[in-house]
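A, B, C and D are the chain letters, set down in written order, and residue numbers restart from 1 in every chain.
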């Protein structure tokens, strides 16, 4: 039975991916923040000690609170540097991805179009997307695919926290609705189930046509 | 029974997509260049007269011969302007995409990283990708998804024409192999089959980690 | 005395560049649309016959009227294909850029963030930007720099045509004002005057921080 | 007399910018790493205490050693997180940029096309470019321009460290040479001297046509 490890898998997009992989008979470990907090490197190291390899890895984590640049303090930077960047680097340095496997990153559309209220997230998710791109090339020879999914507004608790009036907000979106976590779950499942491997080193906006940059 | 129209569907990537959609019980019309030559606008208009609507549309066409900028003549520019750009615009102006449908463009990785030998293709595929992005937004309210797949080196007759020594070439690729048309076919099938709709307005490199631009 | 040829040099940005190059003692030919209409290839060929070489070339032209995709007809596509793309290709195929020279393209910020009202411009300016990038590499060995300047909202007749209420529009811009043509004129002048050559193959947004894509 | 502060201004690109700004009568403070080490936040805070405001700020710093992803340790990540990201954030949070001023970032072409040997630099320079883009918008209302210059191969000690055989390397470059620091110095000088302000929120590749991504 193939294994999947879904970080941040207890709710939202992570949970939807975990469920979708379960449905195709993957042995799924889906962690909540209590089980694996990527901002705590000691915790990361212990966790990987207990889960030393996987076939599918989903790198997913909640984002920082909305903060203006001038109110971000050193503690914030360091915490989210760990949570959004260094924790993920540590996982990829230590875990074994089995040949023919997959690594999915759930990043955000702020990597291409940074958002002033989400400045911490914009910065560190960009940084990790850069690492992820580089690794896609070196892991390619083991037939391991690295796929960066950059969600826009998805129907999660996170979006409800960030947006004041969800109904008004929906009207501003091209599709007049939020995306559903299970659309991303099914998308990940489809790629894995169909063994689509040549899709690697790619950033896939998943945002209902909301972004403005042509590529 | 839902309908699919696959332009350039008699071989290579187009054929693989046609086969994949057939396998999920779509009523597929797959055209060869004899049946529909997108460089011939009169032909395009006649064809759409006979196929006025569809649920899934695949915009796909072969590319121009490799030519140096200084050897491209006016006839070449005009022919491929029709084939790679204006024929597709005409189709999208005239055909009805049914609500909840899909339009897939099979473009090329040269849209992001232009190639001097494929200058005609780089130019007109970029132009059409720009139109495609704009339309993704206006069609979103009808729940129609526009997905631009930008293939890298795929195992097709086209690639064999362009590359001298395929075996040597493979060694230079991150995955040490070409992509298979059916990987793209299955990818398209998965999206349609799972009704993944929030994926729209996106360019998806499909190139085995070959591209260098981070996004 | 070094020569400069400024296409579309009788008003707006083109005129400002012509004036700026005049101020550093270039022998400037600045054409109006009556003298050189890039949508008329015969006219282009004749003109280049009379101006077979230059040190600095400025490729600049007005844009098409705002039109919705479904109201663009074949005549429009063909006219602006010539004006924004094929005329410029023809010039670059036929004119001699002297060694150590410069080619500047004045494109538009719609090449990165396409605009539904400016769909024709978005498409063909993208196409030509792709050609321009390719040529930057082949001309580099002659120490000729290709620089693509992509203006945002500049204080020109064109902007006044496209925007209903200029004063209201300014309030939406990060700098609360339009850019001035002479800022672009001075920018071009500075590069030429200081013989800055390693700046080539680059797209330079000139938009007062208006664009949203990070790069 | 207007003030300029050039971080990393004792050699290479920083020194060339300091010299160029001196030549137009700026009161230039150019720091060496001994005077201001951006990896040391205490040092940064003290320094800004003594230099609380400026008209022109140049954010520039050397890069980390070339290291493979799997050999980067936690200490490396944290050091260069400070040096390439957090030190610069701290400066921008604490220093006053006078109205009408400029902030230039000297980043690297690895922000767009990440380099496996320069993975630390690729990551953190991307992160800071994201912050820089966001700030370009908020500072625009004070008529302060944020310009991100992304150099390619420049004739500096750094390049000599990274490249084994410089003469062979030059042959692979489109211009068959490295860029000169003073080309960047003169470029910065020109923008400041000509009060070109509408150029903001932009990334400017400075790489002699070496990059492959079209934008």
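Assume a residue touches a chain if its C-beta (ideal position, glycine included) is under 8 Å from a C-beta of that chain, and two chains touch if they have at least 3 such contacts.
None of the values given here were measured: they were computed from a predicted structure.
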Ordered by label, the neighbours common to chain A and chain D are B, C
If you tally C-beta contacts across B-C and across A-B, the winner is A-B
Rounded to a multiple of 5 degrees, the Cα superposition angle from chain B to chain D is 180
For the pair chain B and chain D, the C-alpha centroid-to-centroid distance in angstrom is 40
Chain centres from averaged Cα atoms put chain A and chain B apart, in whole Å, by 28
Chain B residues touching 2+ other chains are 111-112, 114, 126, 129-130, 133, 137, 214-215
Listed in rising order, the residues of chain D that touch chain B in the complex are 111-114, 126, 212-214
In the complex, chain D touches chain A at residues 41, 69-70, 72, 74, 77, 81, 85-86, 89-90, 92-93, 110-111, 114-116, 119, 122-124, 126-131, 133-135, 137-138, 215
The residues of chain A that touch chain B in their complex are 111-112, 129-130, 133, 136-137, 140-141, 143, 145-146, 152, 154, 174-176, 179-180, 183-184, 186-187, 189-191, 193-194, 196-211, 214-215
